[in-house]
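Down below are the structures I want you to see.
Presented sequentially are two complexes of chain A, the first with chain B as partner and the second with chain C.
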Partner chain A sequence: MKRWLERRNWPLGTRGATVLALLCLGALCAWWLQLSPSGLIPREGGVKLAGQFFARALTPAWDYETPPPEGTPPLVMKALEGARRTVVFAAAGMSLALVFGLLLGFLGSSAWWPQRMRTSGVGPFVWTVARTIMVGMRSVHELLWAVLFLAAFGLNSFTAVVAIALPYGGTLAKIFSEMIDEAPRDSAGALRQLGATGTQTFLLGLLPRALPDMWAYAFYRFECAIRSSAVLGFFGFETLGYAIKQSFENLQYGEVWLYLWTLFGLVVLVELWAASARRRFVA
Partner chain B sequence: MSPLPHAQLSLHELKRRRPRERLVQITLLLLVLLTCYAWTCGDIHLDDLDLARRTENLERFVQEDLAPYSLRDQEHSWTDVAAWAWTIAVTRGFEGALQTLAMATVAITLSAMVAFLLLWCAARTSATARPYGDGRGRETFAWRVVRLSTTALFVYLRAIPEYIWAFLLVAMLGPSAWPLILALAIHNSGILGRLGAETVENLPPRPLTALRTLGATRTHIALFAATPGFLSRFLLYVFYRYETCVREATVLGMLGIASLGYWIEDVRTKRYYDEMVLLVAMGALLVLCVDLLSAWVRRRLRQAS
Partner chain C sequence: MSTHGCSFDLRSATLSFADRVALQAVSVSIQAGERVALVGPSGAGKTSLLRLLGAAVAPTQGALLLDGRDLAQLTTQQLRTERARLGFVHQDYALVPNMRALQNVLMGRLGTQSLVAAVRSVFWPSAEEESAVHALLQRVGIGDRLYQRVDTLSGGERQRVAIARALYQTPGALLCDEPVASVDPARARDVLALLRDLSTERGLTLVASLHDLQLAQQYFDRLIGLRHGVVVLDGPVGSISAQALTDLYRMEAGEALA
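For the complex of A and B:
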C-alpha cells in the first residue's frame, strides 16, 4: 500500500488521477447523500419567498419597512453602525491573533534556534509543543469557539474577540512559522560569516526577508476576520449578522439586502486596500 | 557609477535611502490606529475581562457541566467515560462526520467545475477579442463587459460568507443537504474562479501566442495548452479550499442541516455541554484528518509538477 502510494508514475499521471478521483468521490458522495435535482426546486412557500427575496436585490430598502419605535436612528445609520461594530470586533480579534501568531510562529519555526539548542533537544521539544497548540487552536472553527465560550462565560464582548483570535492566531502561527523557515537565507548567511550572533542574524538577516509575506498574509486574514465577525452576529453579538438575521426573520427583505450590500462594500473596500498595499509591499 | 554605488555610504545615509512606500506607511499607521480605536471605543467592554465576575459561571461549567451526565453522581473511572464517549460517537458522531465530509466533497467538486467553466471569461489573456495575442490590438466593448461582469460576479460570490448564504438558502429550500452544499459551492467558486483566472493570466505567454499564430482556436488553446499549464496550481488551490470546506460544513449544520453541527446545536440548545464539548472535539479531529490528507495530496502534486 505504502509503496503504491509513494510511487512516481500513477496511471493517468498524478494530476489526471487527482481530477478523476475528485470527480468520482464527488459523484459517490452525492449518491450517498441521495441528492436529486428536485431538491433544488424550492418547496411550497419557498418559491414565493425566493421570488420576494431576490426581487429586492437591486432595490434595497433605504428606510425601515415597518415604522420603528420613536427615536430609532435611520436605517442607513443602523447599517453603518453594524459595519463599524463588525470592523471593531475583527480588528480587536485580529490584533490579539497577531500576538498569538507571532509568539507561536516564532516558537514553532526551527530557523532561529541556535545550533546547540537544536541538537540538544530543547528546540525540537519547544517547537513540537508550539505546533501542537497551533493545531488545536486552528482545528476548531471560530463559531464553535464562540459556542464553547458562550457556554463557559456567557454573552460578552470578549467572547467574540477571543473566538476570532484563537483560530486566526493558530492559522497565522502556522503560516508565519512556514514563512520564516522558507525565507531566503542569503543575507542571514552573510551576517553569520561576518560574525553576527544568532539573535542579530535572525533579527536583521532572516526576519526582514520573511516580514513582507507575513504582513501581506496577516492583512488577507483581516479581510477574513471581517467576514467571521459579521457571522458572529448570528450568535447574538451586535454585528451585521445580527441585523441580517433579525430583518430576515421579520420578512423585511429590503433591509436584508441593504445589510448584504453594506457587508459587500466593506469586504471589497478592505480587499482593494489590501491588494494595492500588498503589491507595493511584496515587490 | 562605481560597481557598488552604495558601498561607500555611511549607515545613516543607507537608512535614509532605503526604498519606502507612502501607501504602506499610511496603511500601517491606519491599522495601528484602527486597533487602538477598536479596543478603546467602548464596544469591547474591558470590565468583561474581570474574571471574578465570570468565575462562578466558569466553575460551574468546568466542574459540573463538563462531567458526563450519566456518570455525574457516582464514582467513575476513565473506562466509564470512554464508554460514554463511544456511545455518543456511534449514535451521532460518526454519522455526522461522514455527512459533513460528503457534503464538503460534493461542494468542492461543484465549485471546482463552476470555477473552471467561468474563469476563462475572467482571465485577461483569454477574455479578449484577440486571445493569447501579444497584447496589441483594440479591445472590444463586448469582451470588456463579459470580463468585468464575471470578475464582479466572483467578487460578490466570495464577499458574502458561507454562513449567510446557507441561512438564506435554508429558508428557501428547506433543511436538506442542498442549502449547505450550495452555500459552500457559491462562496468557493468565487474564490477558486479568481485564483484560477490569475493563474491563467500568469502562464508564460509565448507558447500560447505561438499556437495562436499557427491558427489554433480559443477553445483549442484553452483545453490543450492552458489547462495542462495551470491545472497543477488550480488543484493545489482546490485542496486548500477543501480543508476550509470541511471546517465550514461542520459549522453550517447548526442551521438545521444534518452535519456534525446539527448535533452540536442540538445538544447546545438542550444545554448538554458535556456532549457538546465531545462533539466539538470530534469536529476538530475531522478537520485535522482532512488537513493531513490535503497536505499529502498537495505534496504529491508539487512533486509531480
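For the complex of A and C:
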C-alpha cells in the first residue's frame, strides 16, 4: 500500500489528475458556450405548457381530441398502425444492417485473417478498407443520413431503411469485430490443430464463442432502431414519430401520450423477446 | 483411414520463442503403438514437446518425421492431412462450450472435409454420423450426453467429449496434455485405463504428459523425463531407477522461489 502511494508521479495520482482535467475541460466548454443558469429558467408560458403536457401523461386520449374527417380510423388503430410501421422500418433497417455488420465485422476482425495474410498481400488492405468503411458509416447519425437521402431520393420507404441500415451496420460491424477478436481462442486452436482450414476454424471454432454476445448486442440495437425509426417520423415517414409530431403541433397532448405509451410498450416487448432469446442461447 | 499407429522421429529439435527456449535439441523416437508418458517438473517442456509431436508448431531447428515423412517438406494441404491423423486432447479440452457434445465430436473430422461438408455435418448430421458419434461417446462412457451442451457437462465429461472428438478423427496417435491434472485420483485411474485400452484396441500410439510418477509407471510402457527443455531420461518403465526419478524433480537452489 505504502509502496503504491510512493509511486505517484502526480500530486493527485494519475486517476485524480485525469478527473481534474475532465472537470476543467467541462468548465472551459461551458464558458465557450456561454452557458448560464438563467437558461434553465423557463420561458414565459413554458411552465404552463409543460404542465399541460405532463398532466396528460396518465390520462392519454383514447379518441381524437378534435373530430377527425369522415372515414378516419379510430385513434387506437392509428397508434397501432404507427407502431406496426415503426417496427417494420426498424426491422428492415436492422436486417440490412446485420448483413453489413456481419460482412464488415468478419473482414474487419483480426481473427479472420490468418497470420501470414495479415502482414502481407491483400489481407491488410481489405482489413483497412473494411475498418474505414465502418468508421464512415457510423460517423454520420441516422437522422443526418435521412436528411441526405431525402434530398437525393425523396420521401420513400427505402430512404428511411437505408438511413437506419448504414450507421447501424457500421456500429454492428465495429462491435462484432471486437467481440470476435475477444472471443476465447482455445477451441479454434484445437480445430486448427486437427487439420481444419482457416475458414472452418473461424466459423466453427471461433464464431460460436462470440455469437451469444453478438446476438444480445443485435437485440439491443434493434431496440435502438425502433427509437430511430420513430424519430424518422418527424421527417414525414409514417411511423409513430409522424403521428406524435402532428398531434404535438396541434397541442393534442392526450394523443401524444397515447403514442408515447405505445412506443414504450414496443420497447418493453422487444426487451422481453430479447430476454427469452438470450435465455435460449446462453442457458 | 489409418488403423495403424503413428511413429514419431524427432531429430535434434529445438523450439524457441522470442523470450525463451522451450526445448533444446531434443531427439526422441517413438514407435507405432508405444505408450509413452512425458514426466518432469512444471515448465520442463512437456507441453511444448506434445505440441511439436502434434504438428501444432514446427521446430525452430531440427525436424519431425511422422511415419518417416519430414513434416517440413509437406505442402499446407499435406500437413493438414497429417494433422488430421493426430488426435490431441488439450489440458483445458478446448471444446466449443455452447454447442452440443455431438457437434463437438463431429468437428473431429474437419481436417478431411471441405467447408460445406463440415458445416453440413456439424449442423445437419446424417443418421450414420450421429450413430458413429453415439458409439464413440458410449465407448468413453458418456453415451447419454450426446445431445447435451458442453457447458452443462462436468469437467470429467468434457474431457471424455474431447477424447471422443480425437477418436472421431480416426487418428494414428493420441496426444494428451495433462489428462489427469484436474480430476480426482479415482477418476484419474479411470481416464488413464481408458486411454490405455483405447490405445490397445485401436493400435494407437499414446503420448501423455503427467505429473504423477506412480500413475506414469503403472499405465505406460516408457517414460521420457524432461528438465529445462532437455531430455534427461528415456527408457522402458522398469529400467529407470528410483534415484533418476527423484533427481528429475529435485529442486535446484533458488528454484523454489521462482
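Simple rule for what comes next: the second predicted complex is superposed on the first by the 257 of 283 C-alpha atoms of A that agree within 3 Å, B and C clash if a C-alpha of one lies under 4 Å from a C-alpha of the other, contacts with A are read in each partner's own complex, and residues count from 1 in each chain.
Assume a residue touches a chain if its C-beta (ideal position, glycine included) is under 8 Å from a C-beta of that chain, and two chains touch if they have at least 3 such contacts.
Every value quoted in this text rests on a predicted model; they were computed, and no experiment measured them.
Visitor: Looking at the combined model built on chain A, do chain B and chain C fit side by side or clash?
Guide: In the arrangement built by aligning on chain A, the partners chain C and chain B clash.
Visitor: Check the residue A:D186 against both partner chains and state whether it touches chain B (first), chain C (second), both, or neither.
Guide: second
Visitor: Check the contacts made with chain A and report whether chain B or chain C touches more of its residues.
Guide: In the superposed model, B touches more residues of chain A.
Visitor: Quick one: classify A:L143 as touching chain B (first), chain C (second), both or neither.
Guide: first
Visitor: So, does A:L102 touch the first partner chain B, the second partner chain C, both, or neither?
Guide: In the superposition, A:L102 contacts neither chain B nor chain C.
Visitor: Examine A:L80 and indicate which partner it touches, taking first as chain B and second as chain C; both and neither are also allowed.
Guide: In the superposition, A:L80 contacts neither chain B nor chain C.
Visitor: For A:G154, is the partner it touches chain B (first), chain C (second), both, or none of the two (neither)?
Guide: Touch partner of A:G154: chain B, not chain C.
Visitor: Touching A:G205, do we find chain B (first), chain C (second), both, or neither?
Guide: second
Visitor: Which partner does A:L263 reach: the first (chain B), the second (chain C), both, or neither?
Guide: first
Visitor: Taking the superposition as given, does A:V126 touch the first partner, chain B, the second, chain C, both, or neither?
Guide: neither
Visitor: Which segment, 146-154, 200-208 or 218-226, is the chain C region that clashes with chain B in the superposed model?
Guide: Clashing stretch of chain C against chain B: 146-154.
Visitor: Could you tell me which stretches of chain A are touched by chain B in one complex and by chain C in the other?
Guide: 281
Visitor: List the residues on chain A that touch chain B in their complex, please.
Guide: Where chain A meets chain B, its residues are 13-15, 18-19, 22-23, 25-27, 29-30, 32-33, 35, 39-40, 42-43, 46, 49-50, 53, 85, 87-89, 91-92, 94-95, 135-136, 139-141, 143-144, 147-148, 151-154, 156-158, 161, 222, 227-228, 230-231, 234, 241, 244-245, 248, 260, 263-264, 267-268, 271, 273, 276-277, 280-281.
Visitor: Can you tell me which positions in chain C touch chain A when the two form their complex?
Guide: Touch list, chain C to chain A: 54-56, 80-84, 86-88, 90, 92, 94-99, 107-108, 110-113, 115, 118-119, 122, 165-166, 169.
Visitor: Mind pulling up the chain B residues that touch chain A in the complex?
Guide: Those in contact with chain A are residues 21, 23-24, 27, 31, 34-35, 37-39, 41, 43-45, 48-49, 54, 57-58, 61-62, 65, 99, 101-103, 105-106, 108-110, 112, 155-156, 159-161, 163-164, 167-168, 171-174, 176-178, 181-182, 231-232, 235, 238, 247-248, 250-251, 254, 264, 268, 271, 273, 276-277, 280, 283-285, 287-288, 291, 297, 300-301, 303-305.
Visitor: Applying the document's contact rule, which stretches of chain A touch chain C when the two form their complex?
Guide: Per the stated touch rule, the residues are 186-187, 189-197, 199-201, 203-205, 208-209, 211-212, 281-282.
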